[in-house]
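I've put the structures underneath this note.
What follows is chain A paired twice: with chain B in the first complex and chain C in the second.
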Partner chain A sequence: MAGALVVLGAGHYGWALLMAEETWQVVGLLALAGMATIAAYKTGFVRRVERDWAEAEPQLNRLAFAVLIGLILVLAGSHFALLMISTVLLYFIASLGLNIQFGFTGLVNFAGAAFFGAGAYTAAVLGAQALIPPLLILIAGGIVAMAISLPLLVPIVRTTGHYAAVVTIAFGVLFRTFLEVNEILGGPQGLMVESMKLPGWDFYNAPNLFGFETSFYLNYALMAAGLAALVFALFRRLERSWIGLHMDAVRLDETAAACFGISVRKTKILAFLLGNLILGVSGALYGMMISFIAPASFTFSDSLLLVSIVLLGGLGSPWGGVVAATIVVLLPEKLQLLQEYRFLLFSILVILVLLFRPEGLLPRHLRNFFPNRRTGA
Partner chain B sequence: MKFNTRKSLRAVVFSVGTSASLLAAVAAQAKDTVELGFIGPLTGGVSSMGLGGRNSAELAVQLRNADPNSKYHYELVALDDECKPNVGVQVATKLATDRKVVGTIAHYCSAVAMGTVDVYHRFGLPMTVWGAVLPDITYGNDYPEITRVNGTMINQNEKAASVMTGLGYKTFAIIHDTTDYGKGHNTYLTQFLTEGGASVVGAFGVTADQQDFTAELTQVKALNPDVVVYAGLTPGGVRVRQQMEKLGIEAVFEGVSGIKSDAFFEGLGGELAEGTMTFLEGAPAEKLPGGAYFLKEYEAAGFDSPPEAYGPFAFAAMDLLIDAVEASGPDRKAIVEYMGGVKEHASITGPITFDDHGQNTVALITAYVAQDGKWVVWEDSEYASGARKLVAPK
Partner chain C sequence: MSEPLLEFRNVVKRFGGVTALDDFSMTLAPREILGLIGPNGSGKTTSFNVLTGIYGPSAGQVMFEGRDITGADPRAVYEAGIVRTFQRSRLCLSLSIYDNIMIGDTARLTRGLWSNLISRRGLEKQLDMTRRTARDLVATFSAELADRMDAPVGSLPMIERRRIEICRALISGPRLLLLDEPSAGMTHDETHQLMDDILAVRARGEGLSIIIVEHEMGVIERITDRCIVLSYGRKIAEGTYAEVAADSEVQNAYLGAD
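This part shows the complex of A and B:
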């Protein structure tokens, strides 16, 4: 019950935050969230929510998805709110990819935006040719992101910790420079991206729901929601599988993992490629939605933003990722009213959160092998 | 206890709203409020340009609100595009889908403007560019919503070609970087030079961060042109000039707007830089037709950052937009129509006339020459008066 209440409450809160226009509304909502969190801790409500989640996760996940779709439909007419929801969802999907690398396997990837961008650029190039159906372009975006990470495998596997991180930073810089000097890929000025098309359904046009004029972003919001649900389910299943166990073992102690016969190399390669695949797919859909991309959109600071979603949410915690993606994407936008000071306030908020919750907003719990098990307590 | 927290929260909220906006709200009661947008880079590497533009637009709004004859009360909605296309699309969508906003001036960064023009067109929001210079923003589409008050690299090169050929130079060698910026300059400069009767004896593409230009310059030396042009940014310009000296090339060195910075002198020292020509959209604010007025008001308004090179254009664009609202009412379609017919419209940057793509055709371009370690407006320089001489045409 408590869990369902939180899901519904979060949906309502999301609606309020998207609709908030005035500074006092935004500040008020932030204060409300802070106070509600403190109150939940003081009254022991948090423990009940956690128990609910452990007992009935599948049902609650489905409820959350339903609330998300409901939220999207309620906002069907407002372009900007839907653009923000879609952006949050796509960044969330990207953060799941990073979580497989970073949260599970302990591979720090500081080139997240590069792989995200590789997907977007694939969408731009393939969309312009119109040779293959756009739905396949999404997958192609993931495959290209994966393919360009192949040359990185050798240094990633041979190095550990900080050294691997430096390798990815170098790659991120390399990727951007490559785009800027590359004439075919639009150079520094960027490229147009064709919109998403399903058979008989062009995402450029606004769908007409029961005679009600909606926004064309509704298409992208629904698609992003579907994709997020799919990747989320995959992520959870991966976590419960033996692969997830191997990844955790590798992160915690490589030597011990190797002693138990786990191939550290194979596990790292799998995590790195799978994570980049997810990053590429979400990047491809993001490119189609934004419809114009340039190297300036995929810089090192964007990679840091993705890493900060993972850290802020809690390593390996997908639900934390949802909350963190909302904060990282929506908050700077809502603070536009502060103009040049908005990133200052945003940074202070992030530091405050990590000060009081050093393990992230919703730290990862022990893996739940039997999500439908009743504890009886 | 609970009452107290709420009370203090309220106090905080109130202190956030500035007293200025409260005063404005009181004054507004008599007239209908019209919201106008501003988009530019308010954070990040080029934020000084964005802040200067924002302040200048704000100034245009304040001055009009102080005018008792204005029909409406104006309010500025300023948003930050961070000089990133994806953020630009986001804030443009926010502004364009807000029905209260009837028009906007936007963008310093060309790549951002390229990404957002579709958004404005799609939602029918009239947008006037105040800073971005890429020709394609206005010429790459047929959107009636998009207009631009500042010049493009087309205007810049037209002026550059006419000034240089006017001084009697006939043969040019162009070294350009391979970004859109460098390539665009090469294309337009070649076009206008050829039309002006001069000839381009050689053009060489180089990467934006090339260090050694000896190979290109050796060929240039053999061609023996009157003028060596570098179309790119300051670091490349500094190196080309240094290496020209090393190879003993006797020619005028000409740059484009990208080298007009103080860093050019820091890199070269005054002596080598001496006599370098370059061209820039606009003019020093004090040289503009309404520059003295603009600077005086800007000073009086007490902004904490300078207007920068494009501030006057942001002011002119916002002023034009307000004129459009005054003339045709706060309606997007009417404003788009009004903008389509703008001819010889008075502004502080000189009269504005839009062509059929919404580009200001009488955009102001100023020629500069390096003199004693400073960029001096050509007409005021000792070179123009004859006290000093550039390398003579061959």
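This part shows the complex of A and C:
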């Protein structure tokens, strides 16, 4: 079965990429991915994968999750690999939030990092008080991100295109400046963030896996995987609901949508708030994981990075988001000589994709309302 | 005579210096099919845009079923039972035929977050029903098209897109259908086929009224009960097709424009 093969192959590939140390190994793996993709198109393998996915989507989703968990467990002893996996997953979750806004509803948001950061700062402040259970802090992070985005609703709903984009850029810059001058929030130095805690278990501890020594990041990797699966499922359900259909209608033609009873305003408000909620939740867990945050982590460049994940992966395409988040997070870490030029590199990559494959690396498919059923009448 | 379904009372619409509708009054009876004709730029589309709430009128009143709907927003107009097609087709090209037509049935659908995302039993039932309705509706127009409901609309030729736009308008079971040049880009035979199909759908329901803007006079002659002729935003003639076609001012307006 082609679909299962791809999922398993991707798991192995991820493992190899994480293990690769030398630059030539990484470059070799990238070349391999490129050639495999071309071969898959040439031999019609891609079409078989797509057919499998249409026929057995729930099973393949479950397989993908199992492969992810397997990958995490195999790498359970490596700080670095687990930190990378968790970061990719959290950026992926954030990109789903952005995708609801931009991919579904057509709302540009160039302040993604600000809402992500709002979640992280919420985790820092609430974690220090130790009044609320940390699991609720995640939700609080989302709610705070949503709350600070409320003033933006006015321009988002009233205007379209460039004007709204400029307003979100300004908001992102303002957010960062606010953090830098705010002493309570640590100013430019930033804040410590308490670790995640479940009842009876502090994520600061490294779990013991059948007597093997593991990294404490294992906690975060598993939790990020669970959260990613949850948000992914929600994202799919949203896409396959009336609300998702209405978001598409609003993006594609506001006037026609309004003429068929769709509330353009409500749809936009919902998409914007829901997206920022997701950004905030992922940011809160991210803050707890890296345990130290500063305004410099949530800049306009980081917002662009989030947008580029959405554009690279393909608007509205969650699997595209997985691939793109991996590229955006992992490549600069793996190719040290790219570190300095990473924004330049991503700009070029985004431009190339927009020029030659405007639908993204893994374009979104037509809506399949009933993935559990065989197609037909 | 029964109360009119729709009434324009001295409606004026100005765009800067252009007066697109100039003191336009008219009535439409329940179940009536009205032809709205006139040269290019005479205000036909504008009258639809004012009626459906895309533009507010500069002056005057619009009444529907005895209610004042002047300046109501497009959503309220839709909910009152008025739907339309667009002169330049406005479909979601990247979405399937199903999706496009189901967009027309918003009024009946659950909107809550909970029922859309969490507890989806009811949603799935609605989906099934709406999809079946959409498919049956399309089958009235073209059996072949009804077999391709999952195709993206962008992959279809213009004539099929017109049909889909009309299905999107009809699926909610409206009271009044506004057709803005439905035959644009179609051959003579295709146009007449399309009109027959629309009339077939109409015959199944209870009392759909239609206002049709059309340049193809054969269509107007065949299906309308009554015609209104616009020129420079003003009504210059009204009556059966035969009456307005014989009117000298109408002939002048058309000759002057062409």
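In the analysis below, the second predicted complex is superposed on the first by the 354 of 377 C-alpha atoms of A that agree within 3 Å, B and C clash if a C-alpha of one lies under 4 Å from a C-alpha of the other, contacts with A are read in each partner's own complex, and residues count from 1 in each chain.
As a convention for this text, contacts are C-beta pairs under 8 Å (C-beta built on N, C-alpha and C of every residue); 3 or more make two chains touch, one makes a residue touch a chain.
The shown structure was predicted, so the numbers you read here are calculated from the model rather than taken from an experiment.
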Side-by-side fit of chain B and chain C on chain A, or clash: fit
Touching partner for A:Phe369 - first (chain B), second (chain C), both, neither: second
First, second, both or neither for A:Phe80, with chain B first and chain C second: first
First (chain B), second (chain C), both or neither touched by A:Ser241: second
Partner chain in contact with A:Val181 - chain B first, chain C second, else both or neither: first
Chain B versus chain C as contact partner of A:Val27, first or second or both or neither: first
Where chain B and chain C come nearest after superposition, their Cα distance in Å: 34
On chain A, the residue positions that both chain B and chain C contact, one per complex: none
Residue ranges of chain A in contact with chain C within the complex: 234, 237-238, 241-243, 245-246, 248-249, 252-253, 255-263, 270, 366-367, 369-370, 375
Of all residues in chain B, those that touch chain A in their complex: 9, 12-13, 16-17, 42-43, 47, 51, 54, 78-80, 83-87, 89-91, 93-94, 96-98, 109-111, 114-116, 118, 123, 134, 178-181, 207-208
For the chain A and chain B complex, residues of the former touching the latter: 23-24, 27-28, 31, 78-80, 83-84, 87, 180-181, 183, 187-190, 215, 286, 290-294, 296-297, 333, 336, 339-340, 342-343
Residues of chain C that touch chain A when the two form their complex: 52-54, 73-75, 77-79, 83-84, 86, 90-96, 98-99, 102-104, 106-107, 109-111, 113, 116-117, 120, 123-124, 126-127, 131, 150, 152, 168, 172
